[in-house]
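One chain, chain A, links the two complexes that follow: it is found with chain B in the first and with chain C in the second.
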Partner chain A sequence: MRRYVKLYWQFFKTRLKVMMEYRVDFLIGVASVLLVQATSVMFVRIVFDHIDVLHGWTFHQLLFIYAIAMLGRSIEHIFFDNLWVLGMEYIRPGNFDRLLIRPVNPLFHLIADRVQQDGFGSLLVGLVVLFTSAPRLDISWGAAEVMLLLLMIASSAAIFLAVNLFFAAFSFWMVDSLPIMATVQGTSDFARYPMNIYGKGIRYVLTWLIPYGFTAYYPATLFMEGSGDRSIAAWSPAVAAASLTIAYLFWKRGLSSFSSTGN
Partner chain B sequence: MRKYWEMMKSQIKIDTTYSAWYWAGTVSMLLKMLLVYAFWHAVYENRASVNDMPLHAMITYVVLAMLLNNYVAGVGVQLAGQVRDGSVAIELMRPYNLLDKLVALDLGTKITGTIREGLPLLLIAYLFIGIDAPATWTALPLSIASAAMGVLIGTQLDLVLGVAAFWLHYIWGLHTLRSAFLLFFTGALAPVSMFPDWLRTASGFMPFQSMVYVPAAIYTGQLAGGDALTAILVQAGWLVFIYAAIRFSWKLAIRKVVIFGG
Partner chain C sequence: MISVNGLSKHYRIASREPGLTGAVKGLFSREYTIKRAVDDISFRIEQGEMVGYIGANGAGKSTTIKMLCGILTPSSGEVTVNGLVPYRDRKRNASQIGAVFGQRSQLFWDIAVRESYELLKHIYEIPEREFKETIAMFAEVLQLEPLMGMAARQLSLGQKMRCELAAAFLHNPSIVYLDEPTIGLDVAVKARIREFIKEMNRLRETTVILTTHDMQDIEEICKRILIIDEGKVLYDGSIQSIKDRFGHKRVVHFELEAEGGFAFELPEPLIGLAESAVGEEGRVSLTFSNQAVTAADVISAMMQSYRVRDLTIADPTIESIVQELYERGI
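Coming up: the complex of A and B.
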């Protein structure tokens, strides 16, 4: 374990040097994701210019859900982004073999190979949105609440990671599963809105099949009165742990049946 | 003209061969439709109209805008990639205008997209989500003309990425920046008429609302009569301006190729 921490630190330093080398690129990357998130907040603002409540939810309650989604996603985006290119940049060109002959866990190597600066954009917007919305909720923020919130954000990040890991592992059989990953990730947008506006089918899928509901909506309800979903919300960390385990086992399965595209 | 026609056809053949992204795109669009359907229904829960639009008009607008939003991007990323890896130098020696070639390929992709994704999705939206008929009998031809103009504007404007790639490395970042900006200012998320005053005024001075808001609003009748005609004229103006501006900046930019080539 200590060896891996040290190794990650070495990888991380190299990545930082690359980032500092291309400063304009760094700024473009951060600005791009920042704008993506800012426009979605602006969209909610515009809608709430015309209405007071959305299915009983206020503007700030909705922003709070957004904040948890953005922060969870940003952690996953910054540290685990390389999973997206497993097929495109590793398996297809035969680069993955390079990872397999090294004396470290290939998943660790894959993840440590990239630190994605763009994620800082959503981290920034997420923090701003959190600090705007959290004080306006009907809750007094003490140390316990803050700890709970941090735990929920960590769970959110873990679920984003687990789902991506699971669907990235398909690349071992089909060379590149990027289209599947992109489609699945798209469904996470549903969890940014109060999930009681959807029908039973959508809620079931996002709770039990692809647990994106636990990346934003459920954890947020822990801090709000009267949604009726608080009993589910407390399960978020457990769901995160279970999803990570399942995803990792699936990854192992894929790895063992992987045969190189090389010659 | 004939060679560009052939290029467009070859692109249609390529697009129909690779199907993974097609299915991914279609499923994503269906999911998005479900999302906006649920979202706007929740918005209209206790009221008959928002911004003077009843629910069915809003749903119609949002679904059309979502479909039109698929056309706002183009081959800019491809061009930028060629600029970055240097293959643009060889492309420039070939007996065609590179920008016209890319536009032809892009239109090929957009034609395949319309036939196997746009129209089926429109049909599904019509059957299951319930979108309105055009506001008046003139609204249909006008909105189709306006949509065609919007598609051409998007195709041309996207080439900006290729020009920018002569100076900036990070194409993925530019691509994301472009998408976020367009998603908002084209009116793909919500009609521009819902924007606060200052933002609506600002949008009026930019070409982006020509790509989505104008055609969709003509269809739903928010832009009608003289306003609709004026909007289409403005679109034509933007198209000519963008076409000329891109060609001009491209001429300046490719001088750098000579320098790189040494």
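Coming up: the complex of A and C.
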């Protein structure tokens, strides 16, 4: 484990150097994601210009849910983005073999191969939204609350990662599972809104099948009154750990199938 | 030491019927055929040997190499590399091997070559002093110094291959697999690369397994060759006996004036000495042994009987040797 932390730091430093070399790329990437995320926040603002509460949720409560989703997603985006190109850039052209003849865990190597600069854009917007909304919630922020919030954001990131890892692993059988990954991640947009505005079906799917509900709404309710979902909220870290375990086991299965069929 | 015993790799391949109907049918039911990519092969390679592993495209070379590297799990048979079973102990096996896989780069494509080596240093946990000494030596032998600051994607093919070789040997592996290391390179670079491989083998007793289509590579680097065809070992032995058997074989391709149709007949002096293969539009290939008759005699006999528009003299290729072995046996 310590070895991997040190090794990641080496990869990260090198990536950072490349980013600094291509400054314009870096800025354009960050700015474009920043714009996309800011627009979606603006949209919520516009909606709330016409109404005061949405199904019992105030503007700032909604923003707070948004912030957790954005922060979780941005951590996953910055550090684990290379999973998206497993099929396209590794398996299809045969580059995955290169990872398999190195004395490190191939999943680690795949992830360490990229730091996605664009993610810094959503991290920034997420922080702004968090700092705008959090003080306006009906809660006094002490050290314990902040720690809990950090844990919830980490769980959110872990669930984004687990879902992506699970569906990326399909690439071992079907060469490139990117379309599936994109479709699945599309559903995470639902999870940015309070789950109780949806019908039973969508709620069930986003809670128990693809646990995106735990990337924002459930963790957020820990800090907010009146949803009745608090009892589920506390399970977020456990759900994150379980999802990661399942996804990694599935990845391992894919890997072993890959090495018995080749490409 | 590499030991391979009764090693096989079989793939299941879905056979589809042609056309759209076939494709649609294939969605619902598929018939599979078994392809024996590697079929019950056995060999042993001692530490420090340099072995040419040759065969036509699709003969099973890269499947074997992948199994030796631990990338592929065999269907049956045993394989051990320095006592390890590669596919079970992939990571430990990985730290003692190096590889150059043709067009697939070991370097990180968008970062400077020097940084790539730095990362490899951490990946393979090479001690700093050893790393510095190795890099200094490689930079000299392969003339890497001017390339160190460039990103891998900016390098020409020859420059890239030199950097790749350095990457493969960087952690002082006990075995190095080289797949077509000289393909598409000019003569000077080829010579430098061969020199480097021999030097590494001499200094560090690195075992080298080389797959190539370049006869020159094999003659200069390897003492032993393994010829594989359709997944089976066709020949395992010294390069010398193959050369004695086939090395004096020559082929001359002629292009003859052939207006108004003509029937090719071997000129009188060559009967019994050369075999002919007639192609289209006046193309004729003559195969002969240069111990029985010289190329000059063949050409002059042909020029006396026909109007020769063009001719080329070809060396024996791996493909022709494999074919010959297949048809006539050892």
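Everything that follows uses one rule, which is that the second predicted complex is superposed on the first by the 258 of 263 C-alpha atoms of A that agree within 3 Å, B and C clash if a C-alpha of one lies under 4 Å from a C-alpha of the other, contacts with A are read in each partner's own complex, and residues count from 1 in each chain.
The rule is short, and it goes like this: a contact is a pair of C-beta atoms (placed from the backbone, for glycine too) under 8 Å apart; a residue touches a chain by one contact, two chains touch by 3 or more.
As the structure is a prediction and not an experimental result, all values here were calculated from the model.
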Practice task
Using the superposition on chain A described above, determine whether A:Leu16 touches chain B (first), chain C (second), both, or neither.
Solution key: neither
Exercise for the section: Could you tell me if A:Leu7 is touching chain B, chain C, both of them or neither one (first, second, both, neither)? Expected result: second
Fill in the blank from the handout: The chain contacting more residues of chain A, comparing chain B with chain C, is B
Exercise for the section: Figure out whether A:Ile246 sits in contact with chain B (first) or chain C (second), or with both, or with neither. Expected result: neither
Exercise for the section: Tell me which partner A:Ser260 touches in the superposition: chain B (first), chain C (second), both or neither. Expected result: second
Practice task
Mind working out whether A:Met88 is in touch with chain B, chain C, both or neither, as first, second, both or neither?
Solution key: neither
Exercise for the section: Considering only touches as defined above, state whether A:Val146 meets chain B (first), chain C (second), both or neither. Expected result: neither
Handout entry: Touching partner for A:Ala238 - first (chain B), second (chain C), both, neither
Key = neither
Practice task
Share the list of chain A residues that count as touching for chain B in one structure and for chain C in the other.
Solution key: none
Practice task
Could you pull out which chain B residues touch chain A in their complex?
Solution key: 20-21, 23-24, 27-28, 31-32, 34-35, 38-39, 41-43, 45, 47, 50-51, 168-170, 172-177, 179-181, 183-184, 189-190, 194-196
Handout entry: Interface residues, chain C side, partner chain A - complex
Key = 11, 63, 66, 69-73, 87, 90-92, 94-95, 97, 99, 101, 104-106, 108, 110-111, 115, 118-119, 122-124
Practice task
Quick one: which bits of chain A touch chain C in the complex? Just the residue numbers, please.
Solution key: 6-7, 10-11, 14, 17-18, 93-95, 97-98, 100-105, 113, 256, 259-262
Problem - Parts of chain A lying in touch with chain B, wherever the complex brings them together - result: 22, 24-25, 28-29, 31-33, 35-36, 39, 42-43, 46-47, 49-51, 54-55, 118, 179-180, 182-183, 186-187, 189-190, 193-194, 197-199, 202
